[in-house]
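Look for chain A in each of the two complexes below; its partner is chain B in the first and chain C in the second.
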Partner chain A sequence: MTPPILSVTRLRTSFHNDGIWTPVVRDISFDVAPKTTVAIVGESGSGKSMTALSIMRLLPGGNSKVEGRIALAGRSLLDLPEKEMRSVRGNEIAMIFQEPMTSLNPSLTIGFQIVEALICHRNMSRAEAEAEVIRLLERVRIPSAKARFNDYPHRLSGGMRQRVMIAMALACKPKLLIADEPTTALDVTIQAQILELIRDLQEEEGMAVLFITHDMGVVAEIADRTIVMLRGDLVESGDTADIFNNPQHVYTRSLLSAVPKLGSMTGKARPLRFPVVDQKTGIAAEPPAGFDTISIARPILEVKNLTKYFDIRKGVLRGLAGRVHAVENISFSIHRGETLALVGESGCGKSTTGRSIVRLTEPTSGSIQLAGEDILNTGKSSFRDTRKRMQMIFQDPYASLNPRMRIGESIAEPMIAHATETPKRARERVGELLKSVGLSAEIYDRYPHEFSGGQRQRICIARALSLGPELIVADEAVSALDVSIKAQVINLMLDLQERLKLAFLFISHDMAVVERISHRVAVMYLGEIVEIGSRASVFGNPQHPYTKRLLSAVPIPDPGLRVSKKRLVNDELKSPIRALDYQVPVRPFKQVGPNHMVQEWGAEWA
Partner chain B sequence: MSAVASVQKSPFSRQLSKFTRNRAAVAGAVIVGLFVALAIFAPLIAPYDPFQTSFTTVRKPPSVRFWLGTDELGRDIFSRMIYGARASLMAGGVSVVIAVIVGVPFGLLAGYFGGWIDSIISRLIDAMLAIPFLILAISLAAFLGASLTNAMIAIGLSAAPIFARLTRGQVLSVKAEEYVEAAHVIGLRHTRIILHYILPNSIPPVIVQATLTIAAAIIAEASLSFLGLGQQPPNPSWGSMLNTAKNFISQAPWMSLWPGAAIFLAVLGFNLLGDGLRDAIDPREY
Partner chain C sequence: MIEIVFRRCIVVLPTLLLVSMLVFGMQKLLPGDPILTMAGEDRDPETIAYLQEKYHLNDPIPVQYVAWLGQIVRGDLGISLRTEQPVLGLIVQKLPVTIQLAAFAMVIAFVIGVPAGIISAIRKGTATDYAINVVALSGLSIPNFWLGLMLILLVSVQWQLLPASGYTSPLEDISQNLRTMLMPAFVLGTGLAGVLMRHTRSAMLGVLRSDYVRTARAKGLNEKTVILRHALKNALVPIITLSTLLFGELLAGAVLTEQIFTIPGFGKLIVDAVFTRDYAVVQGVVLCTAVGFILMNLVADLLYIVVNPRLRDAA
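And then the complex of A and B:
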C-alpha cells in the first residue's frame, strides 16, 4: 500500500468564544491516498468546511486553535512556519470554493489572474506563462480558450468561472486539491459537467482530491471513500459503495433515507412523503400513501399567455438597448389541492413567473385568474383582498423574516393587517398555526435569530397559512435547507396539502424533490414552458431534448450506477437577452399523451 | 462560517460585546459620559456663579482660587466652561435631532418609492451637499438671526442632507430583502412596511452617523458662536468664550486655551464613540 498524501490524525479545531474554547471539529482522523477522492459529507454545522480550513491553516489566528497532526506527504503542516506554509498553499495543496461569482477579481482579466499565479509560484517568464495558461484553459474544457484569455470574469457564466478557478488551482500541479462545495451554487447540468471535469483531471494529473459537500448524490458520483460528519464528530467512514449499501451509523442511515432519488417514484400515482428514520433504532418507516387531494372543479389558478420583459437601458440618455425575455408567453393552470412544479435552471424565468402571480413584479402582458377573478386588472383595494387567497414562501429562511420583529408578531401581522382577527384572537391563532407546522406555541415572543433554518422555514409557512390561502407559491422553498430538514419540510407541506386542500406552485431546480412532491410538472427553458404534463409522464417519458438533458444531469445517489452514465455535452444555457426588433418565433405544442404537452423544438437541439 | 456562529447570540448582544472589547470606543464613551454629567450637574459642580462679574479679579491666570483663571470681566472660567458644556452639548444634540427628523423621512421616501420622487429628492440632496456644511450653516444662521436656537436650526438643516442620503442608501438595500417582499405579499400597506420593516432595519448606520455628526455640530456651534451668530453674551458657550478670548490671546492665553481643549476633547470623544459603534454594528468583522 502506498503511503497517503494527506494524513490527518486526531484533528481538533476549537474557537474561542466568550472565554471558553468550543471545539467545532472533534478528534477526527482520516487518510487521503494518492489518486483517490475522499468526500467529507455532512450538514451545515458539521465541521466539514472547518476541517478543510484547518488543513490549509486558513483559520483566523487569534480566536481559533488547531490541535492534532496534519501530515502532507509525511511533512507535518501544523509545525511549519507561516512563510513555508504559504508556499505549500497553491503549490502543493490547492483549493476551490463554493462561490465562483465572488472568487475571481472582477477588475482583472481571467488570463492575467492565472498568469500571475504561474509567475509567482513556478518562476515562469510571462510568455511561457501565457502559453501555459491557454493550455490550462483548454484542459478545463473552456471553449475557444485563446479568445477567452482576455475576458473579464463578468463575461463568464458561473460554470465557466468555476472552470477558471479549477484551472488556477491546477496551475501549480498540486498533490492535493481541496474542493469545498464547488458545485453547490451551480445548475444541475453545469454541476454534472464540473464533476466530470474534476474526475477526468484527477485521472490525468494523478492528484488526490478532498471533496467537501452536503449532497449525497454528488458523493456517489465522485468519491472513492466517504467520511460522514455530524456536529464536529466523524460518525462513519469507509468505502463509498459500502457506506451507501450498508450504512452502519443511525445518522448515515437517516441521511441516506432523506436523499431524494430520481426514479424512486416510478409507478406511484400521487406525491409521497419521505420515510422517517427512528433516531434510536435507525429503521426507516415506510411513508403513508397520500390521499387524492385534487378537486376537479374550476382551476384555482389560470395563467394565460403570461409575458414579462425587462428593459435594458444603456448610455447617458438611458436609451432602450434590448430586452430580457424573462417569461415568454406561458400558460398553465392549477387545481385546488394540486401541486404544479415549475422546474428549470437559473435564468429560465421560473421565479419571475411566481413573482408575477403574487404581483411582486408587474407582467408585460397576459392574464392571471385566481378562482375566476382577473387579478391583473383589479384595483388596489380589491387586490388586497385577493392577496388573502394566495401567499408565497421564499427561498432563504434567514432573510424572509423581519429580524427586528418577534416571530409571533410576524405571523400575526397578516391577520391584523387584513383585520380578519382581533389582536387577541390573532395571538391564539398564532399558537394554533405554530402547532400545525410542528412548533410550540411558546415561542411567540422570540426573535428569528434564535431559530435554525428549518424552524424559520416552518415559521414562514405558518405566516403564509395565517390568512387561510388556497394557493401557495413556494419559490425554491426547500433549496437552502439541509437534506434531512428538507425532507421534514416537504413532509409538512404534503400534510398541509392533505388537510387544507392547498394548491402549490412549487418552483424548484431540484428534479429529485420535484418528483417526490408534485402532481404535475412544467419544464421551463429560456422563459418558455417547453414541456408540461403529469409528473409520471414527464419523468417517465420525457420528450423535449432539454427535459432529457435536465434529467440525465441529476446526480444519482448510488455509486454502483456511476459507470453507466453517458457523457454530457459541454455547453451553456443560452441567454434570454434579445434585440429590440426580435421576433418571437411561434412554437406550437403537440400532445404526446393525456395531459402531456411538449413544445416543438427547432434545429438547435438536433 | 455557520459552524463558528453556532452559539446563537442576538445581534445586539454580539454588538455590545464587540463594542466593549474596543478600548478606544470605550474611552470615547467615557469622555462623552463625563461631559454629559458635567452639563447635567453644572450647578452642583461649578464653584462660582458663571455670570458673577468682579473688577478685582479681571484676567487672573489659573490659581488655587480660580482653577482655570478668570476672563475679562472677572468671571470664573471653570464655572463658565461647565455651563458652556450645556450650550455646546445641547447644540450638538438638538441640531442632530433636527437633522435626523428632517433628513431620515426624505431618505425613506426617496429610497422606498424610487422613480420621480427619488429623482427630485436626490437632486435636492446633491444641491445641498454641493455647498460646504459650515458655509451653509453660517449663511442659514445669518439669515435666521443670531441666537442659539437659530444656530441649532441652521446646523440641523445643513446636516440633514447627509442623513437623507445615508437613509436612502440603506433603504435601497433593505428594500430588496426577502422579508420586505414577504410583507408586500402579505398585503401590508406602504406606511406599515416603511415604519415596521424598512425603518428599524435601516436605522443602525444612521445612529452611528448621528454620533459622528454631533462632533461636527459642536464644532459648527463653536464656529457660529465665535462669529457671534450663536450663543449670545453673557450666556457662556465654548465658541462664544473663544470669541471673546481672541481679543486677549497674548495677554490672557488661558482664556482661549480651555474652551479650545474642551471642544477638542468632546469632539474626540464623540468621534471615538461613533467609530466604535460603526465597527460594532458591522456584521462583516468580529
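And then the complex of A and C:
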C-alpha cells in the first residue's frame, strides 16, 4: 500500500474564548492517499472548514491552537517554522474556497494574482510566469484566456472566478488540493462543470483532493472516501459507496434520509414529507402520505403576461442604453392548497416574479389577480388589505429578522400594523403561531441572535402566517439551511399547507427540494417560463432542452449513479440584457400532456 | 476613463455656481454695513451715496450677482475695502504659504498615521496596539494651540533648536523655510495623524478579515506582500474619503496655527478680513476655500477610480 500524501492524527483545534479553550475539532484522524479524493461532509459548525484551515495553518494566531500531528508526505507540518510553512502553502498544498465572488482581490488583475504564486514558489521571471498563466487559464477552460489575463475579478461570473481560483491553486502543481465548498455558491449547471473540471485535472495532475462539502450529492459524485463530521467529531469514515449503502452511525443515517434525492418521487402524485429518523434507533419512519390539499375552485393567484424590465442607463447624459428583461411575458396560476415551484438559475427572473406578485417591485406590464381581484390597479389603501392575504418568506433568516426587535414583536407587528388584533390579543396569537411552527410560546421576549438558522426561519414563517394569508411566496426559503434543518422546515410547510390550505409559490434553484414539495413546476430561463406542468410530468418527462440540462446537472446522492460521466456543455449562463430595439421573439407553447406545456425553442438549443 | 473624468468635472460646475450664490448671498445677509465703515466716523450722507454708487450697491441684487460673477470669472475678485489692493493679489500672495503648511502637515499626518494604523491593525489586541491607540487619542484630544505653545516653549525657548515664529519664503532660503515650517506643520499634522490612524486601523481590520487576504496567504505569499499588496490597496478607499474631509479641518487648523506661529498665510488673511469687515477679501477667501474643497473632492473621486477598478466599469 502506498504511503498517504496527507496523514492527520488526533487533530484537535481549539479557540480561546472568555479564558477557556473550546475545541472545535476533536481528535480526528484520517489519511488521504495519493491521487484519491476524500470528502469531509458535515453541517454548519461541524468543524470541517476548521480542519482544512488547520492543515493549512491559516487559523488566526493568538486565539487558536492546533494539536496532534499533520504530516504531508511524512513531513510534520505543525512543527515547521512559519517561513517553511509558506513554501508549503500554495506550492505543495493549494486551497480553493467557497466564495468565488470574494476570494479574489478586487484591485488586482486575475492574471497577476496567479503570476504572483508562480513568482513566489517557482522563481520564474515575470514573462515566463505570464506565459504559464495563460496556459493555466486555458487549462481551466476560460474562453479567450489571453484577453482575460488583464481583467479584474468583477468582470467575471462566479463560475469563471472559481476557475481562476482553480488555476491559481494548480499553478505550482500541488500534491494536495483542499477544496472548501468550492461549488456551494454556484448554480447547479455551473457546479457540475466545476466538479467535472476538478476531476479531470486531478486525473491529469495525479494530485490528491480533500473536498469539503455539506452536499451529499456532491460527495457521491466526486469522493473515493468519505468522512462524516458532527460538531467537531469524526463520526464515521469509509469508502464512499459503503457510507451511502450501509451507514453505521445514526447521524449519517439521518443525514442521508434528509437529503432530497432527485428521482425519489417517481410514481408519487403528491408532495411528500421527509422521513424522520429516530435519533436513538437511527430508523427512518415512513412519512405519512400526502393529502389532497388542492381545491378546484377558481385559482387564488392568476398571473397573466407579467413583464418586468429594468432600465440600464449609460453615458454622460445617462441615456437609456438597454434593458434587463428580468421577467418576460409569463403567465401561470396557483390554486388554493397548491404549491407551484418556480425553478431556474441565477438571473432567470424567478425572484423578480415573486417580488412583483407581492408588489415589492412594480411590474412593467401584465396583470395579477388574487382571488379574482386585480391587485396591480388598486390604490394604496385597498392594496394594504390585499397584502394581508399574501405574505413572503425570504432566503436569509439571519438578515430578515430585525436584530433589535424581540421575536414576539416581529411576529406581532403585522397584526398591529394592519389592526387585525389588539396588542393584547396579538400577544396571545403570537403564542399560538409559535406553537404551530414547532416553537415554544415562551420565547416571545428573546432576540433573533439567540436562535439558530432553522429556528429563525420558523419564526419568519410564523410572522408570514400572522395575518392568515392565503398565498405565501417563499423565495429560496430553505436554501440557506443545513440539510436536516431544511427537511424539517419543508415538513413544516407541508403540515401548514395541509392544515391551512395555503398556496405556496415556492421559488428555488434546488431541483431535488422542488421535486419533494411541489404539485406543479414552472421552469424559468432568461425571464421566460420555458416549461410548466405537473411535477410528475415535468420531472418524469422533461421536454425543453434547458429543463433537461438542469435536471442532468443535479448531483445524485448515490455513488452508483455518477451523472456527469457524460460531457457537459461548457456554457456560461446567458444574460437577459437586451438592446432597446430588441424584438421579443414569439415562442408559442405546445401541449405535451394533460397539464404540461412547453415553449417551442429556437435554433440555439439544437 | 476619460468619460468618467469628464462627467465628474461637469458635475462640479453646478456645485461651483451654488457656492458662488451662497458666498454672494452671505455677504448681503451679514450684519454691519461696510459702506458705513468706509465712510469713516462722520458718516457723511454724500460720501455714503457716492460709495454706494461706486460699488453698484443700488442695483437689484440679481444684477449685482451677475456683475460680480462676471468679474469672478475674469479673475477679478474685487478690491480690498481696507487696503485697496486687488483681492486676487492678496490671495495669490498668501495662498502658497498656507498650501505649503497644509501639504507639509498632511505629509506628516500620513507618514505617522497610516503606518501606525497598519501596525496597530496587524497587532490588534497587543500592547503595541494599545500604545498606538493611546498616543492617537492624545493626539486627537490635545488642542493645537496648546501643543503649539508647548513646542515653542520647549524647542525654541529651552533648546533653541528652531525659530519660534516668522516665515521665510522657500525661494529665498529653503533650509530656513523648512526650519520655520517644521513646528507648525507638526502641530497641525499630529492632530490629523490620530484620525488617520484610527480610520486606517479599522479599514485594515476589515480588509484583513476578507476572503481574498486569506487567499493571498493560502498562496504562500509572505506577510509583507499580503499586507502591502493585497490589503492596503483595498483599505485605501475610506482613507481617501477621510483625507478630503481632513482638508477642511486642515484649513481651520491653519487659521489658528498661523496665528500662534505668526505665519503670514491664508489664516491670518481671513482673521484680519473678518475683524475689519473687509467683505471683498472674506468673499474671495471663502470662494477660494470652497473651490479648493470641491477640487479636492474631484481628486478623491478620480483616486477612487485608480484604487478601485470596479468603478472604471460602473460608469
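Here is the rule we go by: the second predicted complex is superposed on the first by the 602 of 606 C-alpha atoms of A that agree within 3 Å, B and C clash if a C-alpha of one lies under 4 Å from a C-alpha of the other, contacts with A are read in each partner's own complex, and residues count from 1 in each chain.
Basically, a residue touches a chain if its C-beta (ideal position, glycine included) is under 8 Å from a C-beta of that chain, and two chains touch if they have at least 3 such contacts.
Just so we're clear, the structure is a prediction, and the values are computed from it rather than from any experiment.
With both structures placed on the common chain, the touch criterion links A:A399 to chain B but leaves chain C unconnected.
With both structures placed on the common chain, the touch criterion links A:P555 to neither chain B nor chain C. In the superposition on chain A, A:P363 makes contact with neither chain B nor chain C.
After overlaying the two complexes on the shared chain, residue contacts for A:S103 are found with chain C alone; chain B is out of touch. Taking chain A as the reference chain, the count of touched residues is higher for B when chain B and chain C are set side by side. Look at A:T22: by the touch rule set out above, it reaches chain B but stays clear of chain C. In the superposition on chain A, A:R89 contacts chain C only, with no contact to chain B. For chain A in complex with chain C, the touching residues are 56, 58, 62, 86-91, 94-95, 97, 99, 102-108, 116-117, 120-121, 152, 154-155, 165, 168, 315-316. Per the touch definition, chain A reaches chain B in the complex via residues 15, 17-18, 22, 24, 44-47, 49-50, 63, 232, 358, 360, 384, 387-388, 391-392, 394-396, 399-405, 413-414, 417-418, 447, 449-450, 460, 463, 467. Contact residues on chain C toward chain A in their complex (touch as defined above): 3, 6-7, 10, 125, 210-212, 214-222, 225, 229-230, 233-234, 307-310, 313. Those residues of chain B lying in contact with chain A across their complex are 1-4, 6-11, 17, 177-179, 181-189, 192, 196-197, 200-201, 286.
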